[in-house]
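Take a look at these structures.
Two complexes follow with chain A in common, the first pairing it with chain B and the second with chain C.
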Partner chain A sequence: MSTASVPLGVVARRQRSYYRFIMPALVVIGAVIIFPWLFTIWMSTFDWKIGTEAHFVGIANYTALASNQRFLEAVARTFYFTVLAVVAPLILGTIAALIFHRQFPFRGVLRGIFIMPMMATPVAVALVWTMMFHPQQGVLNYLLSLVGLPPSLWVYSPQWVIPSLVLVEVWHWTPLVMLIVLGGLAALPTEPYESAKLDGATEWQLFRYITLPLVAPFLLVAGVIRTIDALKAFDTIYVITSGGPGTASETINLYLYLQAFAFYNIGNASAVVVIFFFIVMALALLLLYVRQKTKWT
Partner chain B sequence: MDVTVSPAVPPLRRSPFRWRRWLRKAAFAFSVVVIVSPAILVFLWMLSLSLKNEIDNIAYPPVFIPSPPTFANFVSVFEQNSMFKYFWNSVVVSGGATLIALAIGIPAGYGIARTGAHRLTVLILIARMTPALSYLIPLFAVFQFLHLNNTLTALVITHLVITVPIVVYIMAGHFETQPRELEEAAQIDGASAWGAFRYVALPLARPGIVVGFILSFIFSWNNFIFGAVLAGRETRTLPVAVYNVLTFEQLAWGPLAAAAIVVTLPVLLLTIVIQKEILTGMTAGGVKGG
Partner chain C sequence: MTNSDDSKVSGSRRRRLLQAGAGAMALGAVPGVNQLAAHAQAPFDWKKYKGETIEVFLVKSPRGDLLSKYHKEFEDMTGITVGSEMIPEQQQRQKAVIEFNSGRTSFDVIQLSYHVQKRQFGKNKWLDDVRPWMADKSMVDPNLDFADFAKGGLTYATQPDGRIDSLPINLDPWVVYYNKELFDAKNIAYPKTFAEMVDAAARLNDPAKGVSGFVGRGLKNANVPVWSSFLLGYGGGFVDANGKLMTETTEAIEAAKMYQTLLAKYGPQGVAGYNWNESQSLFAQGKAAMWLDGIGFAAPLEDPTKSRIVGKVGYGVMPAGPKQQASALFGDGQGVSAFSKKKGPAWYYLQWASNKANQTRMLQSSAGAPVRNSAYQLAQSSGELKSPKQWVECMVTSARIAQPGLPVIVPVTEFRDTFGIALTNMINGADPATEMKKATAEFQPVLDKSEKA
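Then we have the complex of A and B:
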């Protein structure tokens, strides 16, 4: 460390001066992010529907949720959705990054096409997939029939609605994983590869023992971002199914939306937000623990 | 025991090396096609739907190539909605929120990287993790109090919830990978911390800033829920306007696909135009690996 040779007082002063860089962002984050959090916690202790008087009820909203079958199912569904929507893009995105890391004709154009889904507006994407999922006129069932598979009900089947929505999510967000991993690959040093090749390493060995450990921090970043976005997934689910059929695709976020903006049940919705927050917090700590263990700086 | 005598070296083995290389090339080309085609096919299908009349759109088996292509769907979308106004609303909201986020988020990312203030990264992460919906109720109440509801100002402020964490997160990550020796040399030569940032670190960080700008703008542009809840009839952003087309034209696929193209084409064009920038942004820092 270069700071080791500098007196401690200088280091402390330097640290302080860097905090001034952070202050403006902290103020804005305090206003638009932390204030709403506190306000939400406060509101979660009230029985309040828009248009009625608010009554302080303490933790009654929480105890009600703990035995609310519909909410608990939404939690389980969210985890199911999240696991699928994180693992699949991570694997596919890494494969895509390895492909695009190599030189081949039209690489630039093809890479541009490949990252288009993640830039596309979720509402627009959701509209197109809604039409593709249509059991009678949808193009997906036609494609299934071409390869001799029976038609699927896609998002109209309670059993297949979550995997179908994950399919949209994978299509939408695999490019983001690819970009992050590609950034990691581009930053790799060439020396380990050269010496390993001299020692006769196979391509699989190069990947397993050099590439993978070196891009692991980038995979972790991608995993963190993907987990967050999968937990929060809303637009595509809302536009395609609105939580249906029945409640078969009602994730925490959809349940939250209905409580807040369909039933105007602000107190209950705020309690859902707080619980959601703790779920997310637990996952954040888990991922940061992984980050610590891998010593990524 | 019957011993099978293997035939002499077959003529093919003369150039096994070239054969295998050809096979590997073909397999690689195939994998490129497999990984790229879902991306392009969905967009082509969207384009196809938007250029066909309703009879072709619900035909089975599907009609893939519009013949003849018609722009009637686009005309009807623009005639029945004030698309230009909604487009401008989106430009103002996303542009404003992104510029503010860059102004405060680049120094913040630098500060986090140089102090190792990872607690702040945790805060940013949790902010990113909280569902956007949960910010809406409190902010709605405040805007009501300030008489800002149904204004673009309120939407710009709300979109900071999206843009600031993205920019800070990306910039902190970028500055962490950027060597600090040059900045330290500048400081030994008498530059202040701000000077070292402004004249040494910032110019070097341009690739990271470009990435931060693009991603922040696009995520803000694509946001649906803030506009859906906070915007009035006049201040609707484009995704909200497009969703409204869905609620009015449930069964008309042509206009729906046309509206979807109107909202997403700008970001797709931006992607194509700026693709190289994203890429140099991600590769400039490192030696090209082999």
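Then we have the complex of A and C:
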């Protein structure tokens, strides 16, 4: 029945009744998302350390952060970590998916073993890797010595700490990328491959011109998930290095944690949260925009 | 009238009595307690608060575990039911700050670390002064024996205004663990001075064999006590009477240079990321000649399942610096929340937790170093003390020369963070004087702000 044939009073009543249905969702979103956000923004305009009186300072917390060397370094470090912790699992996960997409003996069992790291608790993973990274007693340097390579300082070196932490991320999250891409590969049509093979396409050409464009939307999904995960990485870094040596692995999250829960600088920490939120949103929107571009047509 | 009301009324009466002599009731004047005790009427009765329930907020540690294990003993003795929460140190500190700030605490008794929380708790008056209770004979166990507490512990428990807002439980002076086998092999005696310490580290350092002359904390924040151990020997301090940092003085820079020399030159590779656990593990493997850290590691070092150097560990008092011989001191105790509604029973818990039996148990189980002098005699005479004799002697001597290992200020964590980063940078080659000056300039405004707040 079209709205035009219904009296206006009935339409208004119906519309009012619709609000009743969306109210619970609105209340929940307002309470758990909108209110905390507004409150965080409000707190970021105060100079407030727990245990002291709060003073309104406007945007002073933001301007202070803009010239805070330690914070700016943490932002740069976060990007460095994120780029490595997204790109490496994407490449390795895609290769793994291509391998596991083929038929070979014990494929199911091996695939099961491959995805096991993903199921482990991050803190437990971090503790195990901490022991493995130990320069004198860790198993990694022992393995290097077996192949005649010199020992590394891993997370104990300011230069190598970020790549070493990325190594843990790669081990932990490559299986997730593999699963997403594997799902994409399973959904691919077979006709383009048959046609291309008839035209004499090589394996590389099949991958470059058919597989890659077709799985691109899935890679983008994996990319978005990994980017958000890598940006908010905290537990692994905190357990393994606590941001050290010095501040060599202090990302925005670690800096934020220190400000909020070690120094109790709530105003400053709230400003960091707001900035961090916009960084995450900007990156997520950018990736979603790219994803729109890669949609199958 | 409930017991808490009773406590409130008698508390205010006691406070009136105390007003006259309060000024003289600084730590050294604790005998004042005895004079005032004469005013008290009823004898002490452990069963006074029978039927009450208290909440205790402990730190997950061997001390926390030990007290929890014997809570039943307290409950049987007093009829007070104990509910306890025990969480890791950092989380416990965060939760405490949030709860105290809210003006309502879920706990009546809290365990605190003096080296981190003393000034914060004292400045905000979050814990009740125990002196009024101690002045009241009906509230103090005749066996409490306050004179039995070591001076270092009492100093730690006393606020600058003379308030004693906790009872100390554990002292943690820093000592040098040394590998006797490595020292003997090169015929080197345990160093008596800083100069001898550096010399011994140089002679015992043997990278080819994977042996470091010295090991200690290089990880930022955790590393500050290593530097402050040297700072005390150089006669330096943290903050002067005017609230100015003393961290760019000659003494502070010399201590930083010594830190840099020992860790960067004679420490293991990657020591910038070492906390106590990595240091312990290296030393226990026989791969380090000396290790400077808190007193509480005898148990794992003498445990054959965790150590390869059982029976070869020497326990040395911190060598003397150019100005004095001092051991950096850390410690913890327990206090009654100012927001508690069960202050009487909570005070009873404090007395039980720091009694002679618990302090002796603490030593016997290597859960910490007791504040009570009697615990050492009692533990040794019981024959159940597993720790080596040299460790006990080292502990007693170190406690005698101990001085606070961190400044008694509110932003201790920021202090440790700022100077910790400077020290880690030094391990990686930065100039000590430049780093100390930079850290001082960065931290002074934080300190000024905290004292003004």
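By definition in this document, the second predicted complex is superposed on the first by the 264 of 297 C-alpha atoms of A that agree within 3 Å, B and C clash if a C-alpha of one lies under 4 Å from a C-alpha of the other, contacts with A are read in each partner's own complex, and residues count from 1 in each chain.
The definition used in the following text is that contacts are C-beta pairs under 8 Å (C-beta built on N, C-alpha and C of every residue); 3 or more make two chains touch, one makes a residue touch a chain.
Since we're looking at a predicted model, the values are computed, not measured.
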Chain B versus chain C as contact partner of A:G108, first or second or both or neither: first
Partner chain(s) touched by A:Q136 [first = chain B, second = chain C, both, neither]: both
Chain B or chain C, by number of chain A residues touched: B
Partner chain in contact with A:F39 - chain B first, chain C second, else both or neither: first
Chain B versus chain C as contact partner of A:I99, first or second or both or neither: first
A:L182 touches, of chain B and chain C: first, second, both or neither? first
Touched partner set for A:A120, first chain B, second chain C, both or neither: first
First (chain B), second (chain C), both or neither touched by A:F277: first
Partner chain(s) touched by A:Y264 [first = chain B, second = chain C, both, neither]: second
Partner chain(s) touched by A:L153 [first = chain B, second = chain C, both, neither]: second
Common interface positions of chain A, toward chain B and toward chain C: 136-137, 261
Footprint of chain B on chain A - complex, ascending: 2, 14-15, 17-22, 24-26, 28-29, 32-33, 35-37, 39-40, 43, 92, 95-96, 99, 101-102, 104, 108, 110-117, 119-125, 127-129, 131-132, 136-137, 139, 142, 171, 175, 179, 182-183, 185-190, 193-194, 221, 224-225, 228, 231-232, 234-235, 239, 252-253, 256-257, 260-261, 266, 269-270, 273, 276-277, 280-281, 283-284, 288, 297
Contacting residues of chain C [partner chain A, same complex]: 90, 94, 97-98, 100-101, 120, 124, 210, 218-221, 268-274, 278, 281-282, 285, 287, 410-411, 413-414, 417, 421, 424-425, 427-428, 449-450, 453
Contact set on chain B toward chain A in their complex: 28-29, 31-32, 35-36, 38-40, 42-43, 45-46, 49, 57-62, 100, 103-105, 107-108, 110-112, 114-115, 117, 120, 122-139, 141, 157-158, 160-161, 164-165, 168, 173, 176-177, 180-181, 184, 192-194, 197, 218, 221-222, 224-225, 229, 238-239, 242-243, 246, 253, 256-257, 259-261, 263-264, 267-268, 270-272, 275-276, 278-279, 282-283, 285-290
Chain A to chain C touching residues, read off their complex: 49-53, 134-137, 151, 153-158, 161, 241-247, 258, 261-264
